[in-house]
Structure formats: structure tokens, C-alpha cells
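A short write-up of the structure that comes next.
We call the chains A, B, C and D, going by the order they appear; numbering starts again at 1 in every chain.
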Amino acid sequence: MSMKNKGFASDNNAGVHPRIMQAMNDANVGHCIAYGDDHYTSAAVEQFKKLFGDCDVFFVFNGTGANVLSLQAMTQPFNSVICAETAHIHVDECGAPERFTGCKVLSNFSPDGKLYIHDIARHLHGIGFEHHAQPRVVSITQSTEMGTVYSVEELRELAEFAHANGLLLHVDGARIANAAAYLNVSFKEMITDAGVDVLSFGGTKNGLMYGEAVVVLNPALSTNFKYIRKQGMQLASKMRYISAQFIEYLKDELWLENARHSNRMAQLLCRKIRALGIETTQKVETNAVFAIIPPQLIKALQREFFFYVWNVERGEIRWVCSWDTTEDDIERFVEIIMNYEL
Amino acid sequence: MSMKNKGFASDNNAGVHPRIMQAMNDANVGHCIAYGDDHYTSAAVEQFKKLFGDCDVFFVFNGTGANVLSLQAMTQPFNSVICAETAHIHVDECGAPERFTGCKVLSNFSPDGKLYIHDIARHLHGIGFEHHAQPRVVSITQSTEMGTVYSVEELRELAEFAHANGLLLHVDGARIANAAAYLNVSFKEMITDAGVDVLSFGGTKNGLMYGEAVVVLNPALSTNFKYIRKQGMQLASKMRYISAQFIEYLKDELWLENARHSNRMAQLLCRKIRALGIETTQKVETNAVFAIIPPQLIKALQREFFFYVWNVERGEIRWVCSWDTTEDDIERFVEIIMNYEL
Amino acid sequence: MSMKNKGFASDNNAGVHPRIMQAMNDANVGHCIAYGDDHYTSAAVEQFKKLFGDCDVFFVFNGTGANVLSLQAMTQPFNSVICAETAHIHVDECGAPERFTGCKVLSNFSPDGKLYIHDIARHLHGIGFEHHAQPRVVSITQSTEMGTVYSVEELRELAEFAHANGLLLHVDGARIANAAAYLNVSFKEMITDAGVDVLSFGGTKNGLMYGEAVVVLNPALSTNFKYIRKQGMQLASKMRYISAQFIEYLKDELWLENARHSNRMAQLLCRKIRALGIETTQKVETNAVFAIIPPQLIKALQREFFFYVWNVERGEIRWVCSWDTTEDDIERFVEIIMNYEL
Amino acid sequence: MSMKNKGFASDNNAGVHPRIMQAMNDANVGHCIAYGDDHYTSAAVEQFKKLFGDCDVFFVFNGTGANVLSLQAMTQPFNSVICAETAHIHVDECGAPERFTGCKVLSNFSPDGKLYIHDIARHLHGIGFEHHAQPRVVSITQSTEMGTVYSVEELRELAEFAHANGLLLHVDGARIANAAAYLNVSFKEMITDAGVDVLSFGGTKNGLMYGEAVVVLNPALSTNFKYIRKQGMQLASKMRYISAQFIEYLKDELWLENARHSNRMAQLLCRKIRALGIETTQKVETNAVFAIIPPQLIKALQREFFFYVWNVERGEIRWVCSWDTTEDDIERFVEIIMNYEL
């Protein structure tokens, strides 16, 4: 579907940031050894090390790939993975985590998209009992699918609790930049120092074309990753074009600039609709706004802007701002709401 | 590794054709619905239908993904897949076909990279016998990993034999354009009319950045493909950038132009080295040249040009030409050989 | 661990009924073709057909095998299976269903071990949406892991609702005989006529040594079962010894006699402990009694009889009666309770 | 199919040795904790330790289960397993090894059923290269599917070569007793001291009813086996009946007595048919005879005795002797041949 206006459906609908696009054009010179043995890739990995400290980095095609391969590196097939019921790995990957790791995914009721220590604790029984899938990974999303953010303190506590119980901590960072922008901390503080074991580092939702990075902070988990990636169908032949994007993305804090912008646009949208009496259903901490609006207004808005109804029964919608959302986009959107008699 | 000269290691080492790159830049405007529900994708699919006739088309990230998902759509886990021992699915995908389909891969001795009817026939026993994995797919590569090409007649006979025996025919078309250029036939004649069931249609080796297409000619095999692709971690969010590449690639026969060029360069290289007394080990029908040269010459050449030794014991090397290989590249390459005392 | 007394831990701890043991001895004559092509197996299948009407029957080794292979025959890897959170397939098979089918298992809060239509209904969204695992099977246990029983009416409604929504109904019948004894209906009325698609028919918990039967009522699901069983490592070579057990078990209603007995023993135990003021936590409809007792009493009882604490926090225990539990066993057990000052 | 005479089709067609059957009857007393926590199982494990030295032992249902779980314990999904093309894991398990381990199975031409060091060596390339499945296990069958036997020296050399190249050695011992009888060595000499890592120890073909043992000699491979077995659907609830069989089987060398007998019967059969001018195609070292006979004779024999044609084109048949084959069985069988005009 082609769109008249930029929509608020998903940050995946936005295009590629011009600086990223330029970097891809610039990388299009001559021959490079395929499959990652090129200087773009080594330079991109170096950038990650500057931001995260010591780590291993593996580029893959997309977020599902990053999450599934991360989980595979952390588990045996008889393990289980504990997550929130809103987690992308639970609801939006068509069962890929179960299919490819063999593991059981244990979801937990989560009105705010976050997983708490008591959620994990209730699964810690039957340890050593062969009839039960053995818990091995806690997987959380930062920022969450509900737009909320774990504090650094919360992350540290989750990591400590996990490690104290023989578990590993995985972070689905499809929107990790938006979380870092909100918390105003470095990746190293938020991820490495907090004790995260493996991070799916996303870029596509924040201005990249394609390509995500698996950042392995726990070196024991890197050993076989190259085989896992290849067998997992996620090894790009012309990898330089993924690497070139990440080099530009991580340089001069382009990632932060984009994330701050989309967060700010969501704040703006939130303030304006609240002023009109619309009820939001989640804290607006990053680039998504969840709100309840009447069915008629949903229809009126969708005539001009594409977006998804999150919960049909409750009339709850989700609006997502992108790196390219403008104040003008929001003005025109809010104008429709204003013209509608609530 | 960065390279002084364009090498002859792999067509994967070449960059993106300028027209493709431009098409990607041009597509970088505004918002598009993610995951393929955009007008670039529908236009690209239409292009495929013009070239193949009625078919279903699913874009994926890479060749391993195209092959594995194709095989999954064609099989149950208790099936087997028959291929040449040189097949990419057998030797170059780290066991991904077995891992994701559950199927047994039955390889066959193949000095020229081709699979013959007698190779298939010898596996057709134990049919209906539950102790044996049940043969279900014949998978061939066109052009083969050895640079050779099945004639349209050979393809038709393979398809007929397969269908007569309850098997399906899959074609790994990572270099399908080079085969079409060599045979001077349309895709429809070579693939659809010959009776192929599913084709992995490659572009990355012929000037694209990333993205391959699974072309399903047998409509019964399309039913669940969208789930297979998503669960198979091969669904691109910003799919317009894959689709835009294919639109340009298939328009005005850019695919053919590139393939003809790389084939022609391989012919040139072949003629020149044969004139110097070097023995080639495969027919040069597409863009690869296999030859036997002395170890010292390998070293001398590799100091200037990157390429792979195919068979260390025999001193057999593989040189691959790309859409961007120039006559000058070949001149400089051959000059090193000429200066070396054979 | 050896046991002074017969315990109340599990009907799996009981031995083999003498008639079954005798039948195995009787079958131990001469040679029989292996892997099920023998007259014991065909006779056993006939017995099933008499009890269920038209069906296909496949013998396997154990309950996990029966459940997993049943689910595999009913699903594609991108499907999901809906069950109660108490289901054996969810909590007691170490993730085997996910690992071998690739499917997502969706569990539902279930204080009485039963699954209700509203539990299924809440998962029926995202149909046709490739990002979601597609619901395909409703799996229930009859009698449930909590000792409760679905009425024939409930089963019929579940089957109708499932079929109306494109789903199939699987019944884990590890204790199907106990349910039939409680409901006082035939297998045909309870299973076939109610619309069940596939049944895991258990016998080991009711007097057999090993061996379960997958009873396929929906003929479309039998097509590939023999391959699924063999590849699923569940094809017995000397199958006559499984078949001979089932012949005896189904003859003269031995299955019913054993099930009635263990149900009656549970009723007796229940009445006696309730008379002592002990609170039971589930309806006692089959052969299990769930009750809450003080920790000290648990210890006192476990010194003489082995059984499992079901829920440590609540002090809830599970006592299971078997085909060989005697009134005397119960007397001695209850005596300990009587001597303990509640 | 019922049989007039004991056949020569398979040692799987024989019944259960009376001593084994008696041991099962004797074990049928009272309650035992299910799933292996019983004194029969611990006693059976002790018997194995006496015969093999230090080891871990896991009972499973059948040979496919023993082989597949052994391989899973030894591999990651990106590994490959090297075996003879005649190996049961390659041709007779319906692809179970690939399906459940994810590994590639690399078969090798093998006229005598044995695997040689040069067969392994040719697969040792691409080590560390992520595009290739990484060789990890050498799997051999002792005695082989062709009735031949590796000498202790050969086993030791295979183990040394494997270990020197970072590989593990698995032995499919479906007929390990026949090999030990032929070599006249202890299991410890043949297996433990030779350096085998994991053995599938079979008994069903030599007088047991069901049940095989995975004997893990390399302790690092035991760590997760209990989860692998449970998730692999191979954990028996009433395990005492498997254990009781093994206790009797290993006591007073019943295993050896049975194996020596079936080996001797095969020798007898071989001598008699050779005397009649029939060509045998394999060395008769254990309990199988491979021979070439005319199609008419095959028909004549199969009217009285059931057996399999091994290779239709060559007219090659396989005759297998069992623990219960008698000299009289052979006399009557040979008589048919004598009465037939060769």
C-alpha cells in the first residue's frame, strides 16, 4: 500500500536516513571479500567495541534472526526462555524461537511490557528434574513493545537475579537506541556494565535499511556463533553494505540523534492528544503512544494515516513516531482529531 | 580484507551495479508499509510474472534462505532431497537444509556439477518403506557450481522423470541469469515450461546488494510459504529495498546484460590462458573458469588478485568473473601468468 | 528407591497386571515379523476398531511419544497448540512438543486442569497474519492431570468449537480408561462420536508394562503417520509384545475393571481423609486425590509411603491410586493420618 | 504375517529368551519408583560398570533412540557425522539422525560395511570454515550391517585418528555381543580401552524384548543426557522392566551364550551352502550370511522361510541367525536348497 502521508503505523515503515544511504553509496566501490572478511566489517565491529567495551559482534539480516540466533547460542534444546507475554519473540516471530532453538518459551502476564523478578522466580522450580524444560534465559525487550523502558538499576537487578540462578540475560534491543536516549546513558552503562549476556542490537527501526547486530558480552557464548549464523541462514554475502550502515549509524551519534527525535515526536503527540482529553494507556517513554479512541475516530484517522489497532475490544491504538516524523506530520494528525467531535 | 585489484575470487565480491544502486536511492522516499505490503513489491512480483508466466514470488534475504525455505515448502521432515555432491545445499550451507527441513540430503558423485537421471534413479528404492527417508525433491543448480549449464532438454527430462516418480524439481538459481544468457532462452522456456516446481532466483551474484526471490511455479507449494518465510527468519521489514532492486534488475534486461558480460569475460580469460598452455578442467559455459596451475603461480597471482584454490591436491583453482570485470582486469591478470615461467 | 509399602505417588509405580503379564508370556513363541507386520498387531488394531469404530491405530513406546507424534501429524511447524497450563505436554515433557513439532505451545490458566472454550477463543486472533504462529490444535487431557473429567457434552462442544474455527482436537488419554469408567460411557461415545481427531490412548498407568496407542479418528491425519513414527524413534521392532498387551487389556473389559478399581480406591481414600477434616482441593472424579496437609504430616506419611508434594507453598499433595491399590493399603495410610494430631 | 517356520529374516523376529522373560516376571512385584529411580535400574547400571569400567548408562526404548540420542549428546546442529553408506543411521532410521540432531550425515562407499581412516580423512577439510558443516563424530557399527567385525586394533586406530582430529567415536552396537563373541574379547577391551566415546548397546536382537542402553565412556558427554533422553521421548516410566532384562542378560554371560550360538548357526549355514556351490558375498564373522542365489530359489525358499532380498539386481539375499535358531532349522532350510537344481 502506498501512503499519502507519513503514517504512525511503525518505525519500520520509514525509509533510510540520508546519511546511511550515502554511506551505502560510498561503500559501493570495487571488490570486497564476501561474508564479512572486509575492512568495513572490521571497522564496524571496532565501533561497537568503543561503545560497549569488550564484546563480539555478528551482523545478521533482521531482528528475528538476531533474536533467534542469540537464543540458540545461549541454550540447549531442553531449556526454556522466560519473557513477557508482549515480547516480540513470543508474539511476533511466528514461533521461530521454538522452532529453531527447540526451547519452550514461557510468557508472563505483563501489562506494561516489562518482566519483573517475581515473574522469573515463579518459573524456577523443577531445576534438575528432567521432566521439565530447564530455565536458561531471561529475555527482555529494551525499550519494550509497549514503549516503556527498564532503568539501569532494573536491568542490573535482572542480570544479578538471573546469574544468581544459573540463567543468562538476553536483551531484544530492536529499539535499544530509543531506550538509551530516554535514560540518557551509554550503551556500556546500560548493557555491558549491567551484566547483559547477549544483546540483539537493532538499527532498522531507527534509520537503517536492513541489518542488525548480535552483540555478545559474555565471551563464552561467542564460540560457535559463526556456525550458528551461517546455518541459521543469516550470513550476508555482501556484508560490507550492512557494515557501512553501522559505521555511519554509530559515528557522531547518529543513532542517538534519530532516537531522540522520534522520542521527542512521541512526547509531542502525547501532550497534544492528552490536551484533547484522549486517554493514553502506557507511559510514553520512547517513540510509541498507546491510547484509547472511539471507533469512528479510528476510521477517520486511518483515511489519512496508516496505523494499527492494538486491541480491538478496548479500542486501543498504537502510534509510533520515526526518525523522519515531523512536527508538521503531528500537527496534521492532531488536527483530524480536533475536528472530530470526541 | 581490502583488495588492490578486482579479484576473481567470487561474483559475491563485486559491488552493486550503478543502476541497482540508483533504484535503491530512488525508492528512499516517504513511508511504505513494512513486510511487503507496498507497491514496489507488487510491481516487482508483476515483473516476475511477465518473465515466468503464472507464479508466486517471495522475496528473502539470501541464497541459503531461498534454498532452505524452498525445500521446506516441498517436503515433510521424513523426506530426502537428491542433489549433486557439488551442490551448494550440500557443501556450502553448513547443514542448513538438514537442520531446518529435517530431511536427508542424498548427494551424488558429480565431476561436472550436474545431476543425471541415473543418479536419481538409484535412490528410488524403499518407497513406502517407513525405515527409509522417502525421496521427494530433486535439487539441481543452474548454472552449476562448476560453471556448467543444463540444456532446456535436460531440464525437461529431469522434471518429467521427477514427476513420473512422485518427486518435485527444485532449481538453485544463484546464477540463473548466467545460464539463461548461455542458453539464450527466456526464463519461461528454461524454467516454467520445462516443468520446474520451485526456483531460487538469485541476483546478488549478478549486481544486486542483497535479496533473492523464491519463484513458486507449482501453485500447491505456495499455500503456507508466507508462514515458512516468517518463521524461517527471512521476512524483511523494509522490503521495498529488495523489491526496488528486482524491478530495476528485471527491467530492460539488466540481468541479461550483466550475465552476458561476466560470461564473456570468462570466455576471454579461458581463451587467453589456454593459449598459454594452461589446462582447464571444466567447460567454460558461464562466468567461472576452473584450471590447474603450479603452486608457485598460484602464489604469484594471489599476491595481486584474490581467488580460491578449489582443490589443493590437484592444484585446481577457480576464477570467477563478475558484472564489473573488465578486459583490462583480465589483461593484467594474464600478464602475471605470461611473466611466470610455466 | 525400593518401597516398603505400595505408595500413592503415581500409577506409573505399579507393576503389570497379571493377565497382561501372562499375555506377554503367551506371545513369546516362535518368530514374528518385526515392526508390526504380525498377527498380534493386526488383532490388537481390530480390537481398537471394535471399541472406537473406524480408526487407524499406531502403537508407540510411551505417552510422550504418543502425544508428540500425534501433534506432529496434526501440525505444521508454524502452528500453535492450545492447552491447559497443567497439561502434561506443557509441563512434563521437557519441551518435547516444541522441539519436535516446532510449534508454539499456548498454555492457559486452569485451576481444575480443564480447558474451556473461552480459553481457546482468546488465542484466535492474528489468523492469516504471518507474524503469529497459527493456532491449529486444541489439546486436552482426559481425565485431566488434576483428576477431573470432561463430560461427553463438554468434549462435543470443544470439538465443535475447534472444527468451526479450523482447529483439530487432540486428547491426551494417558488415563482415558479412568475417565470412561467415571462417565460410564464407551470410548466410541466419548471420543469418536464427540468429534475427537486424534487420541493418545494410554495403558501403562492402568496395568500395562509399556506401549501406548495413537488412535487416529480423522483419517486425513493418518497418511504419513508410519514415517512420523519411525523418524520419531517410536517404532518398536518386537511389536508383538506391545500388541499382545493391548489385546488382553481390551478383551473382557480388563481396562474398565482396572480403572473402576483405582477410581473406587481414590473415592475411598477421599471419604476417609475428609472425615478426618482434611481439605481436598480438586473434585475426586478418577484415581487421584489432591489435598492440603501440614508439613509434619507430609513427613510422617512419606516415612512409610512414597508420594509427591504437588505444591510446596500451599502444602498441597497428590495421592494416586492404582489398579493394585487395596483397601488395606488405604487403611494403613489413613491410620498414620489418624495417629497424627491434625 | 505369521510364520510356519522360524525364518532367517532378522534377529528382530525372534522372541525373548526364556531367562529374560522369567526375569521380567520376577520383577513384577509391588511398586517401584518410575522413570529409573528404582533398585533394578541401579543394579543394571552396576552390571554395566563391571563390564565396561567407569561409565554412565542410560536405558532407552530402541536402537534408533539409542543412536539418535547418542549423536545428539555428541554434537551441535552445525556438525556432521561420518559413517559408512551401509550404516543403520544412514539408511534405516528414516532420517531421524538429521531430523533430531540437525547434523549432516556424510556417508561413504563401503562394500564390507566398514569405515576406514581414509574415509574419514577425506571429510576433514573446511575445518573452521563456517560454510561447511563441521565434522564432529565418526559413527561405526560393530558388528557391521554386513556381518563383518572391526578388530580391536582397528577400533583403537579409528578412535586415535578421531581424537587426534577433534572428532568423537560413536559405536552403534545393535549387535555388539556378536562382535565380542567373534573377537573373543571383553567389552572393556573392545570398547572402553579402545577409546570409544559413546556406545549404543543393543540387546533386542540378542534375546531381549525391548530396551537398549546408551553407554557413555567419555564422561563429558553425560552431563545433559537425562534431559536429552526425556525430551527425546525415550524415558520409560516403568523402567524396572528394561533394567531387569539387562541384569539377567549381563549375568552369567547370557549375552555371550546367545551371541556365540547365533554366530555358530551362521557359520553352519555358510559352510553348508558353500558346499552346495552358493557364492557368499561377505565374510561370515557374526550371525548374518549374504549370498547370491537364483530368483527361482529365492521364491522356493520364501514359500517356507521368510527373509529379505538385500539387493534385487544382484540377486543377493541376507540370512540372519538368532539366539533361537536350531541346527534343525538350518537342516530344513538347506534341504530346500539341495532339492532345488542350482
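Criterion: a residue touches a chain if its C-beta (ideal position, glycine included) is under 8 Å from a C-beta of that chain, and two chains touch if they have at least 3 such contacts.
Predicted model, so just to flag it, every value in this text is computed and none were measured.
Counting steps between touching chains, the shortest path from subunit A to subunit D takes 1. With C-D and B-D as the two chain pairs, more C-beta contacts join C-D. The centroid of the Cα atoms in subunit B and the matching centroid in subunit C are 51 Å apart. Centroids built from CA atoms put subunit D at 42 Å from subunit B. Inter-chain centre distance (subunit C to subunit D, centres taken as mean C-alpha positions): 33 Å. For subunit D, residues touching at least two other chains, in rising order: 35, 77-78, 93-95, 99, 102, 130-131, 133-134, 227, 230-231, 235.
Within the complex, the subunit A residues that touch subunit C are 77-80, 91-95, 98-99, 102-105, 130-134. On the side of subunit C, the complex with subunit D involves touching residues 1-3, 5-7, 9-10, 12-16, 18, 21, 24-25, 27-35, 37-39, 61-65, 68, 93-96, 99-100, 204-205, 209-210, 227, 230-238, 241, 306, 322, 324. Across the complex, subunit A meets subunit D through its residues 35, 76-78, 102, 130-131, 133-134, 224, 226-231, 235.
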